[in-house]
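Input: structures, listed below.
After this come two complexes, each holding chain A, first together with chain B and then together with chain C.
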Partner chain A sequence: MAEAGHLARTDRLRAAGLLAPAYLWLTVAVFLPLSAMAFFSIITDVPFGDTEWRVTAENYAAFLESPTYARLLWKSVLLGVKVTALCVLIGFPCAWVLAKMIRGRSREALFLLVILPFWSNSLVRIFSWAIVLRGNGVLDKAVNAVWPWNVEVNLLFSEWAIVIGLVHSYLPYVILTAYLALQAIDDSLIEAARSLGAKWWTILWRVVLPLSSSGLIAGAVLVFVPVVGSFMEPRILGGRMGTYYGTVIEDQFVAVFNWPLGAALSFILLAVVLAILAVSAPVLRKART
Partner chain B sequence: MTRLLCTATALALITPALHAAEIRVLNWQGYGTDQDFATEAFEEVTGHTVVHEYFNSEQETLTKLRTNPGAYDVVLINSSFTPQVVDEGLLAPIDTSKLENFADLDPAFVNNDGLNEDGVIYGVPWTWGLTSIAVSNADFDTPPTSLEVLWSPEWEGRVSIRDDAVEAVQIGALATGQSINDVQDLEAVRAKLAALMPSIDTYWGSENDWNQFMASGEFAAATYWSGSASRSMGKGLDITFVVPEEGAIGWLDGLSIPAASEKKDAAYQFIDWMIDPEFYAEWDKDGAPATANIAAASALPDDSFNKAVLGDPAVVAKVQFMQPMSDETRETYLKLWQDLKAAQ
Partner chain C sequence: MSEVRVENLSKSYGSACALDAVSLRFPDGGFFGLLGPSGSGKTTLLRAIAGFVEPDAGQVLICDRPVVDVPVEAREIGMVFQNYALFPNMSVSENVAFGLRVRRVPTVEAKARVAEVLELVQLGPLGDRRPHELSGGQRQRVAMARAIVTRPSVLLLDEPLSALDKALRVDMQIELKRIQREVGITTIFVTHDQEEALTLSDRIGILKGGRLIREGRPEEVYSDPGDVFTARFLGEANVLEGRAVDGALELAGGTRVARPADGATMIAVRPEHLSVSRDRPEIASALRADLRQRIFAGAMGTCVLHWEGQQLKAVARHEEFADLPESGPVWISWCDRHARGLRAE
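Right after this comes the complex of A and B.
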């Protein structure tokens, strides 16, 4: 008995020792910054130097007082839905081709092409899109070079530009997660379905999608969450149309120095995103079974 | 032995004062203090080295001064912002006797309300200029005479204003015939700006932005700063700076020394060099804002932008100089501007 207790204790100690780095990392990298922001969100002024401050709820109240914030948040959520949907629609077939239709070296080459955008700085990617999409830009010139009639292609400073830039930035997440899920599907399952007379859409709907949904959902969440809070892409590609919830938060931190309001808006965003994920969890879980 | 130690200690104490210092300057990028010729000449004469850090908005300056005490020795602050920085105790009073060129500065600027508090001066008037509009000569055969050009349907989608609440409201105030420092009818300004929004291509943030958008033909007419306009023209951008009949916004920039600076003597030397006519004459060749130094202004060639445009009494008569603004007013403007942007 004493022996067993001793063993359990050393096991527990060993486990604690092994887990310690992970918890330390979580504390330093996640918990501390979040707590600092949580603290900022409930005070009146940032306590640097001699500024006076007190605890308040008015930063959160500000969200409710003005319809502007809620409207922008809704706009950002819609942007997240659109970008996520497009990423899934484009990314899933790409992942299917990669996982099931291509073998050998060409798959490696294609993989490289998928990951390639990650190697460049995101700001550089977004500015490149600005050059491509602007009137008299690369796209405009290319279209006019092949199209017999003169058309003006100027997508810059529109919601389209933002969506294009974001989809390009986040597409690899969906491709990679969906690829992993699709690759794990045994080919013989698909063959069995086919031998039983199932058409391709039935196979897709009844076999492939349910088996790969976990990867697809993981990819969609990876895209949705950062897109709702995105600010750089809307600012650069959106122009006048580029005011979103994320850009308003950014403004609070870098332009008008209202960190408390910026922190409060960030936490509201966090809460809303968590709520959306919580509400959609049962639906998504059902889709998986 | 004791004597040797004493001498060594004394030396160690004196040396920092004699030793060349590294001063850190906080300013807009490409705004005079970081001109190569200027820092090189300064470093040669004084032995001090100059390191720059940049900001993109006045609020960012405030943030940087608050969060990094002691990190900066010279900072550029717009006179309408100086009182706020002084109130937070972030600036050191200026000892004008340490500046040889101070006597040449325009008394009207030296006595500016924003730079002085309780009879103490906190900013050395350095440059001034206008916020008005500039148009592309490729689009305009004759430059417009009214601010209404921004609202003209002809240029819909090709106009821009800066993404700045105060500047936007002040442009709106000018367009509705109001005083920029005492806006009585804010609703009229809101309506006027709301009518402008659909015409805006994108907001601009920095001089660099503006140059790129103008060069690529995105903008036909946009608000702009006189100093930047003269610089852009110097770089070969084909634009005309217009002071419309409605008037223009005047601003004054001062150089200040943060209270937490540990190299104040070197900072004084740098500021003295910045208000030196010799420095200004050289800077004006590259395109500079107007100087607050009378001796420097009168030494300019007659065809220079700053003498020809800003030296014209008819132009000066139309200018409304920006005055310090209360936090409440600033917040009201910010709210108005945010709502307008969010409604797009």
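Right after this comes the complex of A and C.
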């Protein structure tokens, strides 16, 4: 027993030693900034220079006092749901084609195209969409070039523009995670299902989706969380329409210089997103089996 | 009547020819083994019958119904895959019930049929297990149960035993044969293991380079292989070449032996039919050879011999074997009825 205890202790020490860099990194990169933000969220004014400040709960109370914040948060959550759903609906078939129908060099080329959005600056990407979507823009001209009579296509400064921009930015996450999950499904499972008489939708529903759901869920979470807090796409592509919870937080930091309120709103967003994930976890886990 | 036929089936991948006008009849209720080295087209043939491979030309008939244009899911086949391909997200019972659910068999009946077939493969109590909780042999049984529960017209087995270790494989051979007899389903299986093919099949077909080169009952094909490839592939054979002189066959070195009835100039003698002795035997078909090695293996022993620059093999029973020298010149001989004429390829 003593021997085992001793061994366990040295093992623990070694584990702690090996994990130390990771924990150090987490402390510096995650814990310290978050702590600073948590501190800001409970004070009256930014403690820079010789401003006076005291501890308060007013910033959190502000969220409850004005219904605007809750309404905007709900709008952002809905945006997150829409964008996530579209990403999954578009990304899953793409991943299927990449994983199961294409072999060799053309797969590498397609992969490059999928990852390309990651390599371009997000501002450049968003402004490009603005050029495409605005009235008399690329899309408008293209549609009018083939359409028999004149139509006006102006999607800019609408929710559609925001959704398109966000889907384009976050689609690669879903494609990559779904691709990995689908790649792990042995082709012979699909052949076995076919030999047993299953049509493609039965195979999709009873074999492929259950076996790839973990990858799909990971991809959906990767999309949903940042989209709910997004502010660049709503601001640039949404224009007047583009007031969302994320843009309000950004305003507090950049325009109004009310950091405490911005920090408090950020923490409320964090709490709400965690709550949504916690509530949906059992449902999603059930879907997996 | 669930006979399967393939007629002039051809398939090529680019310039490589996987099947070259193969015509074959798989009798109703029989156990047919497709045997061949890798790349011989045996798996392509099986997959063409299943419908996973679309042939370039030719026809597949299951119960006299042409099925080349029928998709896999409508062919009413049962298939056991090399890696079993059990659905990891379902229990054993759910795996077996999959084909029944797809066919909308009522739940009560489906349950009864799943229980019945699990009993048949001797997995009755394991219905709630997941595939990863089973041993290789048990997975094999589940795959069999899943393939036959829908009562398909034909059962296709793709190297069904290759994933098992040797001892288990022998047990499963007996088990496969028993299940197949009890269900009475037309079965076609692919293997590269000639012993397995001989043990399991009622009939075997030997493929090489996409062509069917021999078909028949295992004993028939083994004892009269017909051509050099089959003789060497199915078991071991000593192939002796000679030329026809005055109705006899003159082998290298000038020894004349009886010529087979079909006029062939090549003969095959199985190692178990080749006798090795110190003294000249009283049979005409005897050769002077050099014994190079004696390998003792219990009841039987193997002799490695050299004759006219060619290596020969003989298997001898213990008493015969013990009498031989370690090495040196000996006599080898065979009964003429054991020498089979071979066609060159």
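Here is the rule we use: the second predicted complex is superposed on the first by the 280 of 289 C-alpha atoms of A that agree within 3 Å, B and C clash if a C-alpha of one lies under 4 Å from a C-alpha of the other, contacts with A are read in each partner's own complex, and residues count from 1 in each chain.
Everything that follows uses one rule, which is that contacts are C-beta pairs under 8 Å (C-beta built on N, C-alpha and C of every residue); 3 or more make two chains touch, one makes a residue touch a chain.
Small disclaimer: the values here were computed from a predicted structure and weren't measured.
Once both complexes are superposed on chain A, the partners chain B and chain C fit side by side without clashing.
In the superposed three-chain arrangement, the CA centre of chain A forms the vertex of an angle with the CA centres of chain B and chain C, and that angle is 150 degrees when rounded to a multiple of 10. With both structures placed on the common chain, the touch criterion links A:239 to chain B but leaves chain C unconnected.
In the superposed model, A:211 lies in contact with chain C only, and not with chain B.
When the two structures are aligned on the shared chain, A:138 is found in touch with neither chain B nor chain C.
Look at A:202: by the touch rule set out above, it reaches chain C but stays clear of chain B.
By the touch criterion defined above, A:71 lies against chain B but remains apart from chain C after alignment on the C-alpha atoms of chain A.
In the superposition on chain A, contact is made by A:248 with chain B only, not with chain C. In the superposition on chain A, A:193 makes contact with chain C only, while chain B stays out of contact range. Set against each other, chain B and chain C differ in how many residues of chain A they touch, and the higher count belongs to B. After superposing both complexes on chain A, the closest C-alpha pair between chain B and chain C lies 47 Å apart.
Interface of chain C with chain A (complex): residues 50, 52, 71-74, 76-79, 81-83, 85-89, 98-99, 102-103, 146-147, 150, 156. Contact residues of chain A toward chain B in the complex are 46, 48-51, 66, 68, 71-72, 134-136, 157, 239-243, 248, 251, 254-257.
Residues 186, 188-189, 191-199, 202, 206-207, 210-211, 289 of chain A touch chain C in their complex. Contact residues on chain B toward chain A in their complex (touch as defined above): 56-57, 59-60, 62-63, 66-67, 69, 88-90, 165, 197, 200-203, 216-218, 334-335, 338-339, 341-342, 344.
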